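Have a look at this one.
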């Protein structure tokens, strides 16, 4: 199988996954704008910054630093293995920053005003400096990338000018990058009390830029290995990968003892990983220095909380392990080990950013923030789009290699390759529009029904029935929304004051059949939302039983009792009062028909019943405290006093004290 | 004629061709035939535009069996294998199993019901060559599926696998790679002799000496007819010459010696051959600088030229005129005179499928016939819904299936002709004439099959030549 | 049970409607892609009037209904009237289209809808029986043809019984749930089975386009299969 | 320089100030009720001030502290939050892009966001600007029945606070919250219960802009030096390459792709 066929199969499955994520991302993006931030994300007043800002933007930018680091090594210093990686590095930087900025559009509340910082300045703010540097650097990477793109799109003159100015772009790029990576770190300087002591250090800017440089190089090494794995394994994996289908066991190995020869590009990957490891060793020293100099950090580390565990894991994978691994000779020889080291370092760097941005604030926010489904889908949707753009550009422009040239002029002799297991023709089974549209057909509806917020609304927990303080039930404590701030209700006192037995109906206006004292929480089940109390299924049975209907299945006959016409809907149903004349009392006499389907929220049920009477009596019997909220709502009645009946007097004592 | 499925001869009586495949030549032996078939199918899907067609047909086959009602072959045999939809399903299920995602899923997850094997290919080879691709079933299909096209695609893939009728394969090889460049290996000199003989015959009958313009440059018409006409149908050619002479267009046409064969067997079973033959034909016209292509009396020659010269002709595309259209034009302009009281017998007209199915040549011949024939009768059904003579799609040149053509292919047409009771049956197509003559002989129907221009020859009045009356008496004298 | 009904009427219905709509849209896009990308240059050589004539002939298929297997054809014609009108214009469904698609359709009377449903059920039964009983149809029918007919029968019967609880042998909820689930299964299957002829039939009617072969294709195929110097 | 003095001993937690603030700012009272239970300290986009209980019988009103050197002002990248000349920290919705950095920067967790709105803005107490403009005192001070909230000049209020502590030493803790914390705030508290529970830091904590801005002002220097050094290195390397390989190597051609 020629090299071209061998590789096209590998990327097909990955592109399918990326297409699926992109379509799901598109649905999530639509829902984000239709329903706004509150309904679609788990962000709230305690956790203002979440997944998009911290993971996509900050760790995304940190991982995409290879643009300026390799630019410096390859373009300014002209070091041998790096100058070949300048173009791929710039592509990764461009796509990385592009994905980050695009994800930001969904995070900020007013995305159509993204350009405001260009016009309204605040030179004291780090975010202002980050905004300017990141946007300018994104433009610079585009300018650096455009010569590769223009190669195929004509405009040779413009291409000439741009490639001549490449040197200048690299230098400006390096300055802008070093600026914004430092200030990305110092963004978090502004929260001394809130960020966890482990991560809040005065040299956070320095830590950010050094770790970013190291992580960026590692990520580029990983991408180079993956590209070779997808498109041309022999370049990095050498002979180990493919020898007539037999995969040799020794991974790499020295060419002296007859093992398979090294891949020609392995030294590039090795150079990248080693350079990254050097930088990360500096980062490690800085981290240790930071621990030594700051006693509260050391205390927090030794406190053994889950933050310190996170800190150790992050330090291990970002700094300690990669540096140690690179020191071992066989690791530097084997492409697999290098890839694992690079992966580990990149993961460590991303984890560090997430630690600082999200986990560091958990203790201060007092709540655990976990991103909502739509946040995850948009995050990975944006990364998938960047991935698809990555595949498109490297397959159609000469970034890693001029594959597209070889593909175009080599009249690829069509080989009818059949998938051995199922004996199905998989060379061109489905490509392009046909394949992508099939993925869209399955993913779009699935994403819609799993992410559509109204479908996900969890029903609020039912309200709690009032607690009787004593056996005779003459004082009740009502804590419907279970927040501990309960209200005291003198049950018997009210009964006597409002006229004995007949007054019960004022509150128990709609009891269950054959029950005179149904508690309010029986129907007003939700604190804020209306509750549909009409139970259709039950009514089928009750009506059939009540009217002794005959027929095969009596329940089926009872439809006619309530619904007149054929189109059975709420509109064509009989009013409740027509059957429940004796055991129901219309609360608002204005419209005789009781609003029978839905009970108002518990909150408004209570307030509409008690407050009118209270405010009116407050005036007539000039007891001003009647219409005050604190008359019913006491805060945190001490536990001990709960059974003690003098509780009411204590409250009044306090008021009279002034 | 009610088209209920009549009780044709019991299927067993019909010749079971599966055991007799010898008329299919084998390119490179029979082993690995399944792989070669799938490779050929994959190559076709790769380089041509059949994939979208097969995709949509896979989905919309409704299996409502309406097409069997109108298929002349199924009418006779009643054999389920002859239902057009069954034939299409054979190829579609191969496509669905081996070339679609559904097939891939089936192969992995279900004990798949369909597997391509040797005898499936053998059955396809037999079934595809029992059908004349007359496309009568397409009009009956509610989904509008073109079974003729699928049959042709099936034959194309079989031919790539090495299975094609020997007769067709040999004649196409001669036409494309032989030195005579025509299907019957008629060298140019032999063609010129025939023309001399025709000139003598013409002067005997009319007393006018003609000189057939051969290889003349920049003429309006370049004449192509089925090369078998030169051998077997002199009267038709005489009729053509008579019309051309009478119309006074003698210096507006020519015959090319480089390639004078309009036959295109590629239309029946191979896109590749179809394209190369069309290119050869158009090349000849370009060589002679002709402005139009004039096709003689041949069904598939006129259709393949009319439909496919624009497709494959490229820059050399020329407008295609059928001789019948030309004759009607001359008649309407009064350039030729036809004596209405020469023909006394009852005449009927058979529509060759390739000309009439597309609605191209349906009313023209009828208008000509009605102008000089007193007793004209129509077959039912006729015109665009006509029945196939049974010899179409190249079957007529395969002699091994003569019995099949007689007992099955042509039986419905034979009943039709017998039903009209006509003495003369006009069939302006070389293949139809050969098939109908065999049919008439096989069923002893008292009817004479001839071309349209044979009749015109009898009735044409050429000023300065003998009148139609005199020629008629001479002919009767000569016949006694 | 009520929770199941709410789920079936909510997310599941949105999903199946989405799959059907997107599936048919995909077929449309792929066919148009073939017409206007691969075959754009050949469009002017198409015999449009002949194709239009054949298609219109099928709009009022008098000739086709009086010839061939008459019962099957007529049953199929009658079935299509009911199968298209009832689901779209029945009073109960109008609410659905309003809620999901925001479009207000005119609704047919309930009595008329009942009659139409019964006729459709009978027509489907005729189709089912003839597919099994008539040898000619039996030989050619695939399993999917028969099972699809059964699947189409389900929503019609369950819908009718749900609307008339008096005749309903099962409790109302169960019957309504059957109606919902079978209809949604049908919707999901539309793009993957022969039901996609809703969209594809228009493109099959113009399959003459596929006679416009691709110049030069023959040589490339021959070269691929038979090798560089392929001989006839 | 205006300010507000809140006397915790006087506050009875009747939340009339909250009702007045909701009315003055045109927020939705039902939403305010709902947020009272859901939001941890009672503040939300519809409830710009709240009453927090300390222990079971002490209450303290909480809203924006209007710091003298506000960290939200130095944090907002578009300058959407500014400190007006009379000392109130004011928010300009036309500039805001919704990045919510101010919510992170405020040490008192005060700024709130309209999460459920399609066009969301940041919401916080702005000392009733319109009321101040036409000469009235802020709504909450006006509505307090126990006049636990006094509004006036900050230094004059400071003097009053110290005087009250002096008059009744055992009734108050001898400390005015807000005098020095985070560089001083306009809203001052005197109380007989320790306010550390509500998140007040020790008095000597520095103001955040004071802590952070020097690092920010170092940016131009860092940028300039990096630019200069890299340009220098580039020039040196190019000159060295020129000597070694002759003129052609001078063009810093691209690294070029693989082949």
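Letters A, B, C and D mark the chains as written, and numbering starts fresh at 1 in each.
The rule is short, and it goes like this: a residue touches a chain if its C-beta (ideal position, glycine included) is under 8 Å from a C-beta of that chain, and two chains touch if they have at least 3 such contacts.
Small disclaimer: the values here were computed from a predicted structure and weren't measured.
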Per Cα centroids, the chain farthest from chain B: D
Between B-C and A-C, the pair with more C-beta contacts: B-C
Where chain A and chain C are represented by their mean Cα positions, the distance between them in whole Å: 41
Interchain centroid distance [CA atoms averaged], chain B/chain C, Å: 37
Interchain centroid distance [CA atoms averaged], chain A/chain D, Å: 27
Between chain B and chain D, centroid-to-centroid distance (C-alpha), Å: 92
Touching two or more other chains - residues of chain B: 39, 43, 46-47
Overlap residues in chain A, where contacts from two or more other chains coincide: 414, 416, 438
Those chain pairs that satisfy the touch definition: A-B, A-C, A-D, B-C
Touching residues on chain A, where the partner in the complex is chain D: 36-39, 43-46, 48-49, 72, 74-78, 82-87, 107-111, 113-114, 116-117, 120-131, 147, 163-164, 166-167, 171-172, 174-175, 178-179, 182-183, 186-187, 189-194, 205, 235, 265, 366-367, 398-402, 481, 483, 485, 528, 603, 628-630, 635-638, 654-655, 658
Chain A contact footprint on chain D (complex, rising order): 10, 12-15, 33-34, 37, 39-40, 43-44, 53, 56-57, 59, 71, 73-80, 95-101, 103-105, 107, 109, 112-113, 115-121, 146, 201, 205, 208-209, 211-213, 215-216, 219, 222-223, 226-227, 230-231, 233-234, 237, 241, 251-259
Chain C residues touching chain B - in the complex, by the definition given at the top: 27, 30-31, 34, 38-39, 42, 45, 47, 50, 54-55, 58, 61, 64, 67-69, 72-73, 76, 136-137, 139-142, 145, 192-194, 196-197, 200-201, 203-205, 207-208, 210-222, 224-226, 231-232
Footprint of chain C on chain A - complex, ascending: 413-414, 416, 433-434, 437-438, 440-442, 444-446, 448-449, 452, 455, 536-537, 540, 551-553, 555-557, 559, 565-567, 569
Interface residues, chain B side, partner chain C - complex: 3, 5, 36, 39-40, 43-44, 46-50, 52-53, 55-57, 59-66, 68-70, 80, 83, 85-86, 89, 102, 139-140, 142-146, 149, 160, 169, 172-173, 176-177, 270-276, 307-308, 310-312, 314, 358-359
